[in-house]
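Each in structure tokens, the structures are laid out below.
Note that subunit A is present in both complexes that follow, paired respectively with subunit B and with subunit C.
Up next, the complex of A and B:
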């Protein structure tokens, strides 16, 4: 049944690209890029109970890691996205090395400090980042042998990002269903007990943080590609907090849940912000309501409390 | 050979001396009981042996290897496993999964490209332990939904799942019904046929009944050690327990 559901979802995503009007399609592209971010973030928060406020670092780094090689060295889109991905890996390693050894509260604070430092640096180093105004880039065509895909074609970006979303989901899905995923969940459930069962908890938390940061960078890169633009604002605390909202609303400890959170929040932001500037107020109330009804978010509500396979979805 | 030696171990918490130059030797396949009034330092002794706390002084040896101050996961990998006085379980994992996690720690560890259910040797072993502790019918229940007694049994199963040569049990029957306590003691006796077990128990009767040898702690010191017959005759032990009552 679950397999059928996934299949249906993939088909509808494929078809939607063709039938959606222009505006809705670009909203969809944005949601797909964010979905990778949301799933990646949940590996940190929902699977290993590491509440990071530093993910804007990886999001921003992914965006610039992707934009700069295209801008300065005329790299292709795919190699550039890969460079963004690697930059995320490196930064997640450096920041993770320092932060995973900290207790919960200090972890939150230190990762938030990383976010603040990188934001300040990005704002300041305008020669590199373009600061607040950001940098625009012209996307080269992507060549598959004789075939050339232009991301300026209305469908190009859609299917480009969709391909990464599916690949990202499959990769994370594999990890979550593996022994490593089980260890992550054990750490979330009871860190101390996991250590006393013979696991070096710090190492596993670092691995989770690395996976999380790297895929976040991928999301940043794709988002920048879809906008053909990156700004220092991608490093701001907003991009560290919004994934928490996605995960909480959609359902912690799952992969699909955070995507549902993204969809809901993006649609809401898109339609409500158009007619009311203070839409954030409704936003907040909505989040509280959802969490009041179901502590485990929307998906958690449907699969039931502590349902088997909750973390497998 | 799985022997545990605790040599002149002292633990101070600020001004409080929780353990004072404690010595303890446990032989292979022994079922050792540790008793003593509340606050005697029993749990602290386990915390020192398993690496949760570092001793202020003294050394701990496992098979003549110095394990003093090693982190818990390394001590566990060397074959020492424990349960906790206040149950420490994985609330939202099932019985089977909880045990699976322990077994996996000694085997495949973390390969991200295989599926959990493809590790058949781990699965088989997990089933076996579910059987051994008598929770096979509840294998798919979440730990949090078990009765307190079953949680205590699950804890023993989890400790066992790492395939220890020495098992440390901290008051495994505390707070459970008499019937459940009997079941738990039964499980412990079965285990003690194959591995070394050190049992902290509140009920002196149980300890005197099932253990080969008993150590009595009082105010951080070992005040008596011997077989159950000797301990029940020991005057100082009687005084401590009568004094408490």
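Up next, the complex of A and C:
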């Protein structure tokens, strides 16, 4: 039944690209890019209980890692996305090495400091990042042998991002379902006992952080490609908070849940930010309310009703 | 432009004065974490609220010193119910409190943006005197701020180490359950500590308002430095917080003589990373923190 549901979802995503009007389609592209971010973030928060406030570093790095090679060295889109992906991996490794071994309180604070420092630097180094104004780029065509795909075709970006979303989902699904994923969950449920079983908890936490950071960078790269633009604002703390909101709205510890969170929050932002400038207040209230009701997120609350567990701390 | 020794000294004193304000704010942050396990992301915004309220009172009464008295009272009145009714269920879980206080931070910032506006404003210095020192003219108000901050820090110290209420707070910091078992009214201690910590941040905001710009995002800059301070000093260690605040701000101030502010901040960040590599619990932190 579950497989059927996934199949149906994929088909509807494929068809939606054709039938949606222009505005809705670009909103959909944005949601799909963010969905990768949300799933990646959940690997960190929902699967290994590492509440990071530093994911904007990887999101921004992914965006610039993708935009800069296209802008300066005239790389193709795919190699550039791959460079952004690698940049995320490197940064996740460096920041993870420092932060993963820290205690919970230190971890959240230090990752938040990473985010703030990178934002400061990105705003300051205008020669590299373009600062607040950002950098725009013209996307080259993607060639598959004789076939040339232009991302300026209305459907180009949609199916480009959709392909990455499906690939990303499959990759993360495989990881989560593998023994490695089981160890992640074991760490979330009880870190001490997992260590007693002989697993090196730090190494597995670092692996989870790496996977999470790298896919976040991929999402940043895709988002930048869909906008043909990157700004230093991608490093701001907002981009570290928003994935938490997605995961909390959708449900922690699942892959589909955060995507539902993305869809709900994107629609919410799309409509509410149009008539109320201060919609971040609603974000704040929402965060407090959801935390009060269930730390597993809304979806997690309904699925896990009666069941033990939740976001263990 | 001053030269030589006076030049360096100017920046060093500037750094030290900021250090005292930062120490004041970080002390509140550290206290709140130590007693109730709240990583308070909204602490910088309470500082901002202090500055914004001060701006309103100065334009209302035309007197800065009245605002220094009234603003802490108002912030205390806001902080007490915030702790009791919003933060209480999350206490003791660092990441949950961090996310929850991010929510509060969003609300405070947007309220400030909606009422105060998005344009930075200035308060004129309430004490227009300057001192000549080694050939450098130094604004008197800044020295006064340093003196007031130092006095308040000493006051807080005496309160925590010499009064019975302070002993209750420190006892709760060490072991909340045991303190409760000894008959301490933990409820009062929790509210009291959060109010004290928030008032310290608000006083910092009032004092800093005339020497920096009043802006709805001004807390972000300060909370970053405060977090680095408590990380380097050791979470929940009051001595560590104090020493780290003075040390890091002086270093940053001295480096501002040669580097841009962002570069100086990046250097402080590198110091933090180095400290974390050697001592993951901070300079004065206990292993359990």
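What we mean here is this: the second predicted complex is superposed on the first by the 286 of 313 C-alpha atoms of A that agree within 3 Å, B and C clash if a C-alpha of one lies under 4 Å from a C-alpha of the other, contacts with A are read in each partner's own complex, and residues count from 1 in each chain.
Operating definition for what follows: contacts are C-beta pairs under 8 Å (C-beta built on N, C-alpha and C of every residue); 3 or more make two chains touch, one makes a residue touch a chain.
Computed from a predicted structure; not experimentally measured.
S.K.: After the superposition on A, what does A:241 contact: first (subunit B), second (subunit C), both or neither?
M.R.: Touch partner of A:241: subunit C, not subunit B.
S.K.: Tell me the contact category for A:105 with respect to subunit B and subunit C: first, second, both or neither.
M.R.: second
S.K.: Between subunit B (first) and subunit C (second), which, if any, makes contact with A:178: first, second, both or neither?
M.R.: Touch status of A:178: first partner only.
S.K.: Report for A:117: first if it touches subunit B alone, second if subunit C alone, otherwise both or neither.
M.R.: second
S.K.: Between subunit B and subunit C, whom does A:138 touch in the aligned arrangement: first, second, both, or neither?
M.R.: Once the two structures are laid over each other on A, A:138 reaches no partner at all.
S.K.: Specify the partner with more touching residues on subunit A, choosing between subunit B and subunit C.
M.R.: Result: the larger residue contact count on subunit A belongs to C.
S.K.: First (subunit B), second (subunit C), both or neither: which does A:197 touch?
M.R.: Only subunit B is touched by A:197; subunit C is not.
S.K.: Residues of subunit A that sit at the subunit B interface in one complex and at the subunit C interface in the other, please.
M.R.: none
S.K.: Show which residues of subunit A lie in contact with subunit C when the two form their complex.
M.R.: By the definition above, subunit A touches subunit C via 51, 53, 98, 101-110, 112-113, 116-117, 120-121, 123-124, 237, 241, 244, 248, 277-278, 280-281, 283-288, 291-292, 295, 311, 313.
S.K.: Quick one: which bits of subunit A touch subunit B in the complex? Just the residue numbers, please.
M.R.: Residues 174-175, 177-183, 185-186, 189-190, 192-201, 204, 207, 306, 308, 310 of subunit A touch subunit B in their complex.
S.K.: Okay, in this complex, where on subunit C does subunit A touch?
M.R.: 33, 37, 39, 41, 86, 89-90, 93-96, 98-100, 102-107, 109-111, 113-114, 220, 224, 227-228, 230-231, 235, 260, 262-263, 265-266, 269, 272-273, 276-277, 280-282, 289
S.K.: Which of the residues in subunit B end up touching subunit A in this complex?
M.R.: Contact set of subunit B toward subunit A: 50, 52, 71-73, 76-77, 81-82, 84, 88-94, 97, 100-102, 104-106, 108-116, 119, 140, 142, 144-145, 158, 161-162.
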